[in-house]
Structure formats: C-alpha cells, structure tokens
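Okay, so chain A shows up in both of these, paired with chain B first and chain C after.
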Partner chain A sequence: MLRYLVLRLAGVIPQLLLISLLAFVIMKSAPGDPVASLVGGREFMTQADYERVARNLGLNEPVVVQYGRWLGNVLQGEWGHSIQDGRKVSTVIAGALANTALLIGVAGVGIVLVSLIAGHLAGTRAQRPVDYIVSAAALVSFATPAFWLGLLLILLFAVVFDWLPSSGLVTLGSPDTLVTRLQHLILPVATIILAHAGPYVRLVRGSVRDVLASDYYRAAVARGLPRRILMWRYELPNALTPFITWCGVSLPLLVGGAFIVEWVFSWPGIGLLFLKAAIAKNYTMLMAAVLVTGAFVIIGNLIADLLVAWLNPKLRRQYGHR
Partner chain B sequence: MKKMNPLLNVKQLSVRYATGADEVRAVDEVSFSIRPGEVVGLVGESGSGKSSVAQAILGLLDQHNTTIAGRIEFDGENLFSCDESGWNAVRGRRIGMIFQSPESSFNPVATVGAQMVEALRWHFKLAKVEARQRALAALREVGMPRPEEVMHNYAFELSGGMCQRAALALVMALQPALVLADEPTASLDVLAQAELVQWLALIQKKRGFAMLVISHDLNLVARLADQVLVMHGGRLLEKGATRRVLANPQHPYTEQLLRAVPRLITADMRTHNDHSVKNGVVLP
Partner chain C sequence: MDIVNVNPADVKPASEMRRLLRAFLRHRLAHAGLLGLLLITVAALVGPTLVHHSAQTSNLDAIYSGPSWSHLLGTDQLGRDLLARLLAGAQVSLSVALAATIVASLLGCLYGLVAGMGPVWLDRVLMQFLDAMLAIPVLLLVIVSQAFGESSLLKVIVVIGLASWMGTARLMRTECGRLMQSEFINAAIMGGASRLSLALRHVLPNAAAPLLVVVTVGIGQAVLIESTLSFLNLGVPSTLPSWGNLLGNGMSSMLSGAWWVVLFPGLMIVVTVLCINLVGDGLRDTVDPKRRTHL
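Moving on, here comes the complex of A and B:
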C-alpha cells in the first residue's frame, strides 16, 4: 500500500507541471493585455509608461523566459503579487481556497448522502413508485444547468420569499455570526447538490440492483441474514466501489460546477477569483488559481483511488497488506 | 424405513414468471415430499423448472413478476404464511442451500471466516470467540485443509473445489434439517466433483439431515439419492426409488435422459462389484 501511495504521489508532480505549462500557453495566446487592463485601456497611457509597467511586471520578455522565471519562483514558494492590485497572491489564494473548500466540502457530503440514500431506496424498490420518483428526479437533476437553477433559487428564496441571502459570504452592515454564515451557505450548496446529484443517484441505484441480483446476495438471503446485515455488509460495501470511482472521475465536473455557482452567488472562492483574473489577464493570480484547482482535483482523485484500492480485497492483497 | 411424517411437503406447487405480456409456466402442479434424513434427487435438463422448485421452497423467487400457487409445508408449518422474521428463522438455520457457483456465492469483500461467524452469531446469538470455534469445527468437518488459514481467505483466493467445500461448511455450521443442493458440482472439475460428492455423502450419513439434490447429472443423483424425481417442462413426470427409476424407467423422457448419459464412464465403473450399471448410470 505504501509503495502504491509513493508511486501515485510521484505521478502528481509531472501532472501539475503539464497543467501549469498548458495554462501558461493558453493564457498567453489569448487576446487581451494585462497592462492595458490596469488603467482600462491602452489609450489612457503613454508609450513610455506602458513599457515601464510592462518591464516592471516582466512582461516584455519572451514567453519561455517568463514561464521559466514564474516556475522558479513558485518552486521556491514565491507566488508573486497580483497584477491588478499588488496583493500577495498566496494570501489571496489561501483565503479563496478556504471558502471553496467549505462550499465543495459541504456540497460533496450532501451529494454523497443524497445519492446513497436515494440510490438505495430506488435500487431496492426497483420498478415501484419510489423508484420512478427518484429516477425521474435524477433525470431532471441531470438535465438542469447549475447557473440556471442557482438563479431560480435566488429568485424564489431570496427575492420572492426573502428567507435567505442571495449572495456572498456575509451581508454588509449585518452581524457576522455562525448562523448568518450558514444561511449564506444554504442556497449555493443546495444548487450544487440539486444540479449534480442526478448521475450519482443513477449510479448507486444501478450498483445496488447489481448487488441484489448477485449470487452472493441471494446466498446471504438464503442464509436467513436480517435486513440490517444484508444492507450494511453486503449491499453498501459492494455498491460503494463503483460509486467512489465515479466520485473521483467526476470531481472536475463538480469543481467546474462549483465555480459557476460561486459566480452566480458571488461566493468569494477560487472560482470567482479565477473568472475575475481571467477577464483582467491577471496572470500571476490566474496561474495560481489554475495550479491550486489542478492540485485539488488530482489529490481528490488520488484519495478516491486509494479508497477503492483499500476497499477491494484483491488490490489490498496485491499490495502486500494482510 | 418406518413411516414418518414428511419433513418437507410440496403440494401442487406452480410457479409462473411474467415476461412482458407472456407468462412462462416454470413449475406446473408439482407435488412431492421428503422425510427426515431422506435424500431426494431432482433431475431434469436446464429449463425444466428444477431450480425454481428449490427457490420456491426458500421463498427466494422475486415477488414482483412471479405468481406462486400451491402449498409448501416444512415440519408441519406452511412456509408461504411466513413473514420476514419467520423466513429468517427458517432460511439457513433449518433449511440450508448450496449454490451452483461456489466463488460467486461468497461476499467478495468479506473473508470466508467473517461470513461464517456472521451467520453463526445471528442464528445462535453466539459470542465472537465461540462462533469462530464453531466455524473452524465446520471447516474441519468438511475436510478443509488448513482451516485456520481459510478463515482469513477471500473466496477468490480459494480453488473452486475448496470454495464449494467452504460453502458446504457454511451450510453445515448452521445445522439445518434439510439441505437444498442446486447443481452443487456443475461448475467443478471432475476431481473436485468426486471429492465434494464423497464429503457430501459422508456428512449426510453422519449428520442424517434430509437433502434435495438438484442436478442434471444422473450419476451424482444415483450416488446420493434414495428417491428420484424427474422433471421436464415444469412437470413432474416420474418419481420413485432411485434404483427402480434408473433401472426400469416408466416414462419415455426418463429413458431419453438415461440414454444421454456419456458412455465413457461405464467401462471403468463396470469393474466395481458392489455396483451394477444400467444405461450408463452406476446404481446404488
């Protein structure tokens, strides 16, 4: 198991390098000018000023040199300063990462709970009313774009009923307590869960049906084991492996969806930072956001793979664990 | 054999599967009984409905698309009136079942020992240590080599023959009065088949439980069964003492079945003095 972990961790470094290189090239080849966007347009500055600012930011050098210098700095833990406002990139990113992790963490736990419970209900009652309701709901969830659902929920719960705040982490001018923080979290989390849970529910339903149709499940029923044991020791562990694999594989989709939700709800996370930085061609910030997102997804995948390997006795034995 | 009340009494059992608009009569008014300690063979080709009979006895048929009619009495009790906890007390504990594919009948994420201990603890309300002792004893009883090790093994780590013997031990550990063996040797190689049949016969003699052996293998049935039932197209065509049915079949289908037995085995088996061979089947 340790050997497997070391091998997989070693694979993370080239993956991150590749991501950073691709992001750098794409960013540099896209139209737009970070220096000009600082003052709102090229026509607002003299040629001398323009060249001075570009030189200070290191933007006058060839792209390869810029990438090399950026990489060298990052490897020494120096993420640079925001081109837009000069704040330290590492500070800004750390704050945003905490907010995004909170959002995706709570939504992720919600998706896991919703899909396991709904998938179990539908799978064990296949082709009965509960199954039809759950499966139809999953299909609707599958077909609903997160941004549209987010706007709909804002309209309903923030505008029409005025029960919940529509955006941000806190409401300016109001007290900032744990309760208000949770209130701000409800709508974005609900949007992510409702817009993303569909395929997970369908997957769990399918896996549960596979387990119930299996020889070992039938043999366990024939042994007279009670529902409790059948569910916790037969159905759940065997349905969990494909579910966790899919969680790992679909993590980029979830992160992408969360970024859109951050935009809709002005949630000050990596996604919002990313979109703002992309528009301003704030490349120090953008590169950091890309790298942090990449690392987040890669580590998530790694954890999913390790869990699957740990749950699967065949793999566990293969890597020398008793 | 003195007259005893039957342990299992199947009366006019019919099983019909709904397949879309059509209905398939898998079992058609089948009646038979098994006395305590008696071994009954149920033979027929695949699709004859013999497995449906076994599944009906344990209530394993999918309720959704299946119509079941008739009555099954076990130890004087109507099984079809069982509720969930009633079934849980019968299944495994009083009627055990051995399945065709040994490896796939074990939970892939639990060891053999864990599954034995789990069933023992549930049915006998035992402490962990005691359940472990009984599981080990059951593995020894079926002649499992290195039982301590097998307890920690997953099914995929055992050979087909060892798996089927572990499955047999799992059934035996719960001390059922009736064992349903659904094609127990069909997926094993010839050597493992011979070995399993030997152990099955030995344990049955020692423990004296009743058994329903379902198979298309007439030699297996001849070896184990006192009585034989012949099924075809969901109907019971012939029943009687094994020796009588195999030596002197009354129904043309039984004769046809007997003719289909591979002849190659007979040459070797003719040398046994204590067996007579008729139609390629070694008679008891």
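Moving on, here comes the complex of A and C:
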C-alpha cells in the first residue's frame, strides 16, 4: 500500500506542473506592458528608468527563472490583486471556493445516491420496464447540456410557478436563514444531478449486470443467501470499484459542468469568477481560478484512486508486503 | 455445384468490415440514431431553402412573437424567424463539431501512434503529459483559449479540437500495445517493414473499428462544447447563427416570456447528441460484443 501511495503521489507532480504552467502562460500573455502600466504609459519614463524597473520586477531574466519566482510566490499565497477592482485575489478566491465546494459537494452526493439506486434498479431488473425507463433517462441526460437544463428549470420553477429563487446564494432584502439558503441550492443542484448522472447510472447498471452474471454471485444465490445479504455483501461492493474509479476520472467533466451551472444561476463560486474573468479578460483572476480548479480536480482524482486502492484487495496485495 | 465438392479455397471469407457492418445493421437503436442524424443533416442542407424567412432578416414588428402559422417556431428578440435560424444554425453547429472532431482525431491518432511505436522513454513522457491533460476540465481549457484574442470560426474549431484529442490518443496507444503483440505484426517486422509502414499499413487500419467509436461519440461531445461556448458568447462569432448562439440570449428571452427561444434550440442539441450517442453505442456493441450495453 505504501509503495502504491508513493507511486501515485509521484504521478501528481507532472499534473500540478502542467496546471501551474498553464496559469503562468495566462499570466504572461496578459496584454500590455507591465512596466509601462505602473506609471500609466511608456512615454512617462526614460529608457534608463524603464530598464531599472524592468530589472527590479525581474522581467529581464530568463523565462524559467521568472516562472520559478512566480511559482514561489503562488505557493506562499501571494496571488496578486485583481486588475478589475484591486481586491486581493487570494481573498476573493477563498470565499468563492467555499461556495463551489458546497455546490459540487451536495451535487456529488446526489449523483452518487441517484446513480447507485437507479443503476441497481435497472441492473437487477434488466430488460424490464424499470430498466428501459432508467436507461432511456440516462441516455437523454448524457445528451443534455447543463446550461440549457438550468434555463428550463428556471423557466419552470422560477418564472412560471415562482416556487424557487432563480439566482444567487441569498435573496436580497429578505432574511438570510437556513431555509432560504437551501431554497437557493435546490435548482442548481438539481441541474447538475440531472445533466450529469447519465454516464454514472449506465456504469453502475453495467457493473451490477456483470456481478449478477458472475459465478461467485450465482453460487451465493444457490446457497440460498437472503436478498439483503446478496445485495449489500455481493452486488454493491463489487459494483463500487469501477464506480469510484469513474468518479475520479469524470471529476473534470463534473467541475466544468458545475462552472456553467454557477454562471446560469449566478452562484458566487469559482466558476462564476472564472467565467466573468474570462469574459472581462481579467488575467490575474483567470490565472488564480485555473490554479484552484486544477488543484481541486487533481486532489479529487487522488482521493478516488487511493479509495479504490484501499477497497480493492488485489491492488493492495500487488503493492503490498514484498 | 455439389456441396461436397466445394474447395475451401474457393469460399471467400466474409471480410471483417462486412461482418461488422452486418452486426451494426442489426442494432435497432443505432437504426433510430442513424435515421435521426440523416433527417437532421437533410434538414440542415435543404431546410433553409424551404423556409420562407431568412435567418438574418430582422422584423421589428414581430419581436418575440410566439409559434404561429407564419412563424412555426416563433421569433427571437429581433423578430427573426426561429425555424430559419435553427436550420441555418444546424449547418454551423454540425460543421464546427465535425471539423473539430477531425482535428482532434488526427492529433490523437498521431500522438497515440508516436507514443505506442516510438522509443520507451518518449512513451513514458507522452503518457505522463496525457494524464496531466486529463486532469484539466476541457471546458476550462477551451474557455481560457477563447478568452485570448478575437473569436473566429476557424479558431473555435481548432480550440475545441486541441482540447479533446486525449481520448483518441489514449485509445490509439492501447491499440498499438495490443497489436504490437500480434502474429501478423511480428511477421511484418520479420519481413522488414519500416516503423512508418508498420504504423500506417498495419496498426492504423486494424485500430480503425474502435477508433470509429471514439470519433463518433466525440462529435456529440463537440456539439455540446460548441453550444456551451457559444452560449457564453465565447464561441462561434455572434453574427453566425449556431445553436449555442441562439441560446446566448436565452436568459433575457425567458424572462420576457419567450420560452420558445430557449426550448427549441436546446431540443435540437439534445436530439442530435442523443442520435450520435445511439450510433456510437451501436458501433461499440458491434466492435466489442463483450461489453454490450444491452438496451
């Protein structure tokens, strides 16, 4: 297990490097001259002053050195200031990260529950009406763009029926209670679950069917074990490993989808920040959002892989006591 | 001819492609998908000439008029006919998706072939890079790329293509690994085939079937990415109607009560991607019967 842990952790390094490189490229490709912008234009500086300031900022050094220094600053939490409103990027990001984590966390739990239940129902009742309904719904879900589903849900529940709020975290001008917070959470979470659960459901259904067709499961049935034990001890644990692997692999997809949903529902998270920064060409913010998202996904992937290794005795033994 | 006297050498073995084609044609849901795609393609090609309205002419007397006989699917915020725009949008959206998928497939095939047939150290490096790429959300990549510089049709195609080659590359690499173990490749190596001819004449054709599955599903994903980008005004230039662009004004249209502006373009996207995925499922089941989806 320790060997596996070390190997897997080593695999994280190139991923983090790539993400940081991407962020650095965004930073460097910001238009305009960083030296001239300090005093409001190139024409206000002499050539000697210009070169002195550029040297002080480290801009005359090779790109590799600049990258190293930038990375050091980022690791120490110095992410600069937003070029739009001058707020500290790290403060803005921290606030947004909490909101995004809440949204993706709740939606993630929802997807896991929905796909396990629906996948179990469809897998154990294959070629029957329940299976057809679940599988058809999963196919449609896979083909539905999240932003469009979000618009439809707003249309239905906020515009036509006026049951639920359509945007934001809280309603302006009304008391901020737990109930109103939950109300604001319902539509975005439902959108993410409905637009993303499809592949997960299909995967669980497939693995459940594989388990049901296997010899050890049939042997367990033949021994007359009660259904409850068959399900909890035989069917679900064996269907779980591919499911968790897929959860890790599909995390980038889910995060990307959640960002668009944040945009549609004006949910003040990383996604909204990122998209606003992209449209306003706010490069410092864009860089920070890319870094945070990348780190979030990489850590999520890591957790999923370690969980699988921990659950799967085969992997444990392979890297185990040798 | 007497059946006993048939010389085994005279019996033509059913070609692999023909066997796959026959199996594919038995797949009922793939039929539905193929039919749907055919209808959508014909509508995109012929449709604009059949509709009386132009996709670009605005009519300020008919802003947000609901579905009626003169405007079957209603009009948008400038009084443009939605049906005409949907059909014109189909041309734009489908060509962008198709072109982007071609870019991604070529790049992915090349990458996978180089990794699978090149030196071992290069394979390691390329696969590490691929794994790192997979950790970045595709939408993040395309949105960042689109945030730089002016938007153009060609740029959208290239950006989507450059952000979605990873699946093809990984598959190509796996297929290389599998095929390089096989007898006929060994025979070709013994026969003195060069690396290049090995890759192009032996590995690539034998990986064509599984590649086709990935490419098919990729077109659907490209439609989704394009629509999301255009919805955010970061995709196809807004002067061109694409399904995503039609939805770009969706929020304010909806609040004006013009539900049709949101509903119909989205339905087109869902139906198209659904049909593409059905065909993809059908292809997967034929290529890899063990992993049948059983629906």
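Keep in mind that, in the parts below, the second predicted complex is superposed on the first by the 265 of 322 C-alpha atoms of A that agree within 3 Å, B and C clash if a C-alpha of one lies under 4 Å from a C-alpha of the other, contacts with A are read in each partner's own complex, and residues count from 1 in each chain.
We adopt the following convention: a residue touches a chain if its C-beta (ideal position, glycine included) is under 8 Å from a C-beta of that chain, and two chains touch if they have at least 3 such contacts.
Keep in mind the model is a prediction, meaning the values are calculated, not measured.
With the C-alpha superposition on chain A as described, chain C and chain B fit side by side in the combined arrangement. Shared-chain residue A:Pro237: touches chain B; no touch with chain C. After overlaying the two complexes on the shared chain, residue contacts for A:Gln127 are found with chain B and with chain C alike.
Shared-chain residue A:Ile111: touches no atom of chain B or chain C. With both structures placed on the common chain, the touch criterion links A:Ser214 to chain B but leaves chain C unconnected. When the two complexes are overlaid on their common chain A, residue A:Leu311 makes contact with chain B while staying clear of chain C. In the superposition on chain A, A:Leu253 makes contact with chain C only, not with chain B. The larger set of touched chain A residues comes from C, when the choice is between chain B and chain C. Once the two complexes are laid over each other on the shared chain, residue contacts for A:Gly294 go to chain C alone; chain B is not touched.
After overlaying the two complexes on the shared chain, residue contacts for A:Ile19 are found with chain C alone; chain B is out of touch.
Residue contacts after overlaying the shared chain place A:Ala222 against chain B, while chain C stays out of touching range.
With chain A fitted onto itself, chain B and chain C come no nearer than 13 Å, counting C-alpha atoms only. Counting contacts by the rule stated earlier, residues 127 of chain A appear in both its interface with chain B and its interface with chain C.
Within the complex, the chain A residues that touch chain C are 11, 14-15, 17-19, 22, 26, 29, 126-127, 131-132, 135, 139-140, 142-145, 147-148, 151-152, 154-155, 159, 202, 206, 209, 249, 252-253, 255-257, 259-260, 263-264, 274-275, 277-279, 281, 286, 290, 293-294, 297-298, 301. Residue ranges of chain A in contact with chain B, taken from their complex: 127, 214-216, 218-227, 229, 233-234, 237-238, 311-314, 317, 322. Listed in rising order, the residues of chain C touching chain A in the complex are 128-129, 131-140, 143-144, 146-148, 220, 224, 227-228, 231-234, 247, 250-251, 254-255, 257, 259, 262-263, 266, 269-274, 277-278, 291, 293-295.
Within the complex, the chain B residues that touch chain A are 58, 60, 64, 84, 87-93, 96-97, 99, 101, 104-110, 118-119, 122-123, 152, 154, 156-157, 167, 170, 174.
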